[in-house]
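Before anything else, here is the set of structures, which you'll find just below.
Both of the next two complexes hold subunit A, though its partner changes from subunit B to subunit C.
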Partner chain A sequence: MPVMATSVVAAAAAAAAPSVFSGSANVIAVGVLLAEFGMFRQALLRDQVRLYAVQSALISVLAVVVAAARQLPDLYALAGLSAGLKVVIVPLVLRRLLRGVGRDSGGPGWTDIAGSGALSLASTVLLAIAVAAFGFFAIAALGIRSPVLPTAALEMSVAVALVAFVLMIMRRDVASQAIGFLSLENGISLAALVVAAGLPLILEVAFLFDLLVVVVVFGLLIRVHHGKAESLSTADLTSLRG
Partner chain B sequence: MLVVVVLLLAIPVAAAAVCLRVPAAAAQAVTAVSGIACFGLVISVVPAASRHDISYLSYLRIDAISVVFLLATGFLYASVAVYSVGYLGHDRRDPGLARYSRRFYAGLNLFAGSMLAAPMMSSLALLWVAIEVTTVLSALLVAIEDTDGAAEAAWKYILIASAGLSLALLATIFAYYAGSRVLGESYNLSFSLLLHAGGRLPHAPVRLAFALAVLGFGTKMGLFPVHTWLPDAHSEAPTPVSALLSGSLLAVSFYAVVRYYQVASAALGPRFPRDVLLVFGVASLAIAALYLLDQRDVKRLLAYSSMEHMGILAIGLSFGAPIALAGVLLHVLAHAVAKGNAFMGAGAAARKIGTKRISGLTGGLDLLPWSGPLFLMAVLALSAMPPFGIFRSEFEIVAGGFASSGDAAAAVLIVAVTVAFLGLTIATNRMLFTPRAAAVPAGIAAVPAGTTAVPAGRPAGPALARGEPSAWMVVPVVAGLAALLMLGVHPPAELTELLSRAVRELGGAA
Partner chain C sequence: MLPVAVIQLLQVVTIAAGAPGVSGVIARAEARLQGRRGPRVLQPYFDLAKLFRKEALAPEGASWVFLAAPVAAMTCYLTVPLLIPVLTSYGLPLGYMGDILGGGFILSLASFVVAVAALETGSPYAQLGASRAKTFGAITEPVILFVVFTVALVTGTDLPYALAATVRSSAGQIVRPAHLLAAAALFMVILHETGRIPVEAHSGTSEFGMIEEARPFEHSGPYFALLKWGSAMKQLILYTILLNVFVAPWGLSATTRGADVALAIVALLGKAAVLGVAVAVIDNSFAKLRLFKITEFVAAAFLLSVLGVLTLYLGGG
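The block that comes next holds the complex of A and B.
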């Protein structure tokens, strides 16, 4: 039971006084959640993608912190790979796939996704806070203890995932919905860092490769949608019913 | 046996690569050969898998349960590959067709290949990856028709299914966490290890993982309330893709649910996983049966019928009695064949008459000497009429329900299946038995108002000659009918042996 013992010790240490490690881990997790809230109001596709890159970078930083503090060398490789993919390649692929679309339709308005919210920004944020609080306390009640990170980070990661669902539901444009899905995946990466830090690297690489394929297909379908609807809005996607 | 497994993984990918480079006619031939070869390979695995598990390289593992799902996918892959020859060959003069058919065949092969790969994965993580790959490939195939409806359906499909699969990924993470408490930090999430750990796994994370897995993979499987992408994608995709989506893709997602069910019942006992499956299954079945009563598009009709059958599978698994489990596995096979047949028959009618609307597809029996009766047979098979395989499987599921004191659920199942039968037959009746040649007023006068009334003022369709669009679109359906009869009347001994081993694997954990 050495694993249990360490986790008990870690929990006790966290209860006594937050160490530098658990303090910084929690701050980074909160940063990830705040980035998720920021996505409710971005008005341009470019900014939305940029915010996603920032959120991904935060998670890579957290992976490095955990790798250093808990002596898990695999996590350095994972942090490097996921930073390379999610901070550099994914935003690049999205912009490349969508730049051609912009030229076709002329004006600069093509990436405008402002005002696509189904509710007002304030109501959406209130709703998201309620949903995030639900996720936070529901996971806390389960008593899942992590061997490497403070449990608050796990609760935060589920809150990120739930807020990502609110984002996908409330913003009616394909760009925010795609970014919502990608940030949902970020929330799950955060959860994986907390409870599955030892996951073999080959499986992590399979997940990341899969994410790349998904991003390319999302980009292609956004192009198809833009070609049909002449905008990024999903307001007209109502012909299939019943 | 390693050769067979590697070939099963490699042939579809190689076929896809070839299809991108050769003319359409060659691509058709390559796809058909690849489909038939893969089905042959799957059949060759059956005897070995009904005696022992086959595993290689610690990431590939085939047991009797996997082979049941491989058989369903292999059969449908072969039949839609042959069917596509007629389906695409029809408008060969179209200049855009060469490009379209290159993409179509490459996508079809890759899609089928990913669905063949998923049941061969030993690790829950790789199983998730394979299923996510099936999602993105099929989303591209849904969008391939390049209509407004296809673009809308593809977007809804990929967004909803990917979000659902994210929940399944969360389930994978929690399953890993539960296992790491017992097996140590570095293990590859293989479910045979998780099954071994069984009762020693901590309960809370396993519970969370199972509920998330049912919701997540249930999204791809079409369980209520996360089924909303299903009718759109099925109706807007090209018919061969619809057949694969319905008969095979939904089943592969059910396969993932089955694996989580095994782990959860080993860890928690059967009670919790059965309750979860029962709730989702009954809700899906009841909602789908009601939707079936009022459908105007034949492919949407069949899509809701798929949702109904996925509900039946979930309920059957929740009964847990050995005979119900045998019924569930047989149902996977029989539903794949019957739904493939129904989609291919409907596709032939839609191709002939030029619409998917049920009100426009009248006179099917007069116009289509083969596809008309075959479609009728397929619908009767889907409604669990006696000589066909689904009758046997649903009978076993209901018998298992009564045996395991799930009386109420079994009764709901019978009622809902009867309602679904009503919906399916009303629509089929309208399509096949309403005379087409008769002028519109005569059509209204001839049939009683209500169920089969033709909308007034509908322009009489152009006069169509009696005949099939293509013989290629009939051959696989005839083969499917033979398979359905065989499953219903006298399943071969090898299959029975395979199913009973699979039932032991499923029930042994409980």
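The block that comes next holds the complex of A and C.
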């Protein structure tokens, strides 16, 4: 009896495993997606920005991994640049722009964005899981194969973009919506790594600097909104003013 | 060379005899982390011995169910170690009586029986605990199911031995996201099932936050001892499943030699103690969630397990 049992076990173990490279690349991509989900529950503006920085750092790490494993030296430059911009400069600019926000209004928790969700956290996460699953199935149906990264990473990138939309729709504070938009760009970067890792560096750099403009515009919008409504909540935008 | 039947029996004995010790290690580690000296590691054994010597009382109006439940639950906990890889990396004859789902059913039968006994007592706290345990048990079940789906997709079976062999087979199997996500989700479920922070304060005296701990409130003497022993065994069984199937299926005996099996016993208890210390660290670094926030904790575990299945099913991850 044990002999037969062992052979069953051995046969099962022989099933194909992905290589260590594609496994770890997928794990980093999953990390990016989990960071996106984490943004649903952050209660402080500062933590939200920090989580965005973590997510961007994961993308840079993935770019370095791909550069090393697939001999694409361009990607080192891209990883360095995107890390410098999205992990350091963008969070810095955001924090600088939002420094005064809420402080003079005197409330305790001046950067408190907790409880801005339209649904409860658990329901939002379930909804986002459904949306992400849609992304997974849609990309799997397209059957895109990339020479650089496993398809699962592309599925993950689309899921990140879709979950970012859910974040922007479900959280009713301008800060989370801005971060949602920026992390949407992170999803696109991930997709670009999968399908267009050999894209000329100059194009990627141009996209990155576009991002910087977006950050400044969002920062100003948040400031203006806060100046008028004295809160970060978008609920105040629904009432008409004479 | 030990007969296979003896090894099978040793699996049960290891779990039964080692479980209070693992609880003792956790209690001790927790106390040290809080700057207390803490009870001795062997304290749970003395507690059990004391309880077995005491007189048993039953609330008025409680039927035979109340007294049968601890025995029935203990029987379940003694059955599960037959099914899972506790000491050996090869399947033992009775190990194929049930798969992961089978083991899960037996564990939930035990928890159901204890809940029924708690309802029998008429005591509000025991009933509160039982009702909460069942409510939250219902929402952690999908997580377990998705973890089982992951195992099934990876190995083509749902035998715990097969997954352990797969994990040992290559590094690629360890770093794949499906494996890591399923293990993380299972770990969160184990924190929930063993009544640890962030779900429940393990050693607290606040009845309002209690779930698992509140259920045996009305039991006493040997019956209470059986319930306490049973919950320690459940904890070690769940740790064994996490360690020997998902996270660290090394150190198991590949032969029937006595020395190898003895080494496997030491390895299992050592690994369980390390995991217990990790759990104690988590206990001390997080706050207990409010009761209504437990759904968020479970939703996070569900997210992990669903992503595991999705990456596996659609991306081969």
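The working rule: the second predicted complex is superposed on the first by the 217 of 242 C-alpha atoms of A that agree within 3 Å, B and C clash if a C-alpha of one lies under 4 Å from a C-alpha of the other, contacts with A are read in each partner's own complex, and residues count from 1 in each chain.
Just so we're on the same page, a contact is a pair of C-beta atoms (placed from the backbone, for glycine too) under 8 Å apart; a residue touches a chain by one contact, two chains touch by 3 or more.
The shown structure was predicted, so the numbers you read here are calculated from the model rather than taken from an experiment.
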Have a look at where A:D210 lands relative to subunit B and subunit C in the superposition and call it first, second, both or neither.
first
Classify the contacts of A:L126 with the two partner chains as first (subunit B alone), second (subunit C alone), both, or neither.
second
Based on the superposed arrangement, let me know which partner A:F137 touches: subunit B (first), subunit C (second), both, or neither?
second
Tell me which partner A:L184 touches in the superposition: subunit B (first), subunit C (second), both or neither.
first
Touching partner for A:L75 - first (subunit B), second (subunit C), both, neither:
neither
First (subunit B), second (subunit C), both or neither touched by A:V66
neither
Residue numbers on subunit A that touch subunit C, as the complex places them
1-2, 5-6, 8-10, 12-15, 17-20, 22-24, 26-27, 29-30, 33-34, 37, 41, 120-122, 125-126, 129, 132-133, 136-137, 139-140, 150-153, 155-156
Within their complex, state which residues of subunit A touch subunit B.
3-4, 142-144, 147, 158, 161, 165, 168, 174, 177-178, 181, 184-185, 188, 191-192, 195-200, 202-203, 206-207, 210, 213-214, 217-218, 220-221, 224-225, 227-229, 234, 237, 239-240, 242
Residues of subunit B touching subunit A in the complex
123, 125-126, 129, 132-133, 136, 139-140, 143, 146, 148-149, 151-156, 158-159, 162-163, 166, 169-170, 173-174, 176-177, 180-181, 184-189, 204-205, 208, 231-232, 235-236, 291, 294-296, 300
Complex contact set, residues of subunit C against subunit A
4, 90-93, 95-96, 154-157, 159, 161-162, 165-166, 168-177, 180-181, 295-296, 298-300, 302-304, 306-307, 310-311, 314-317
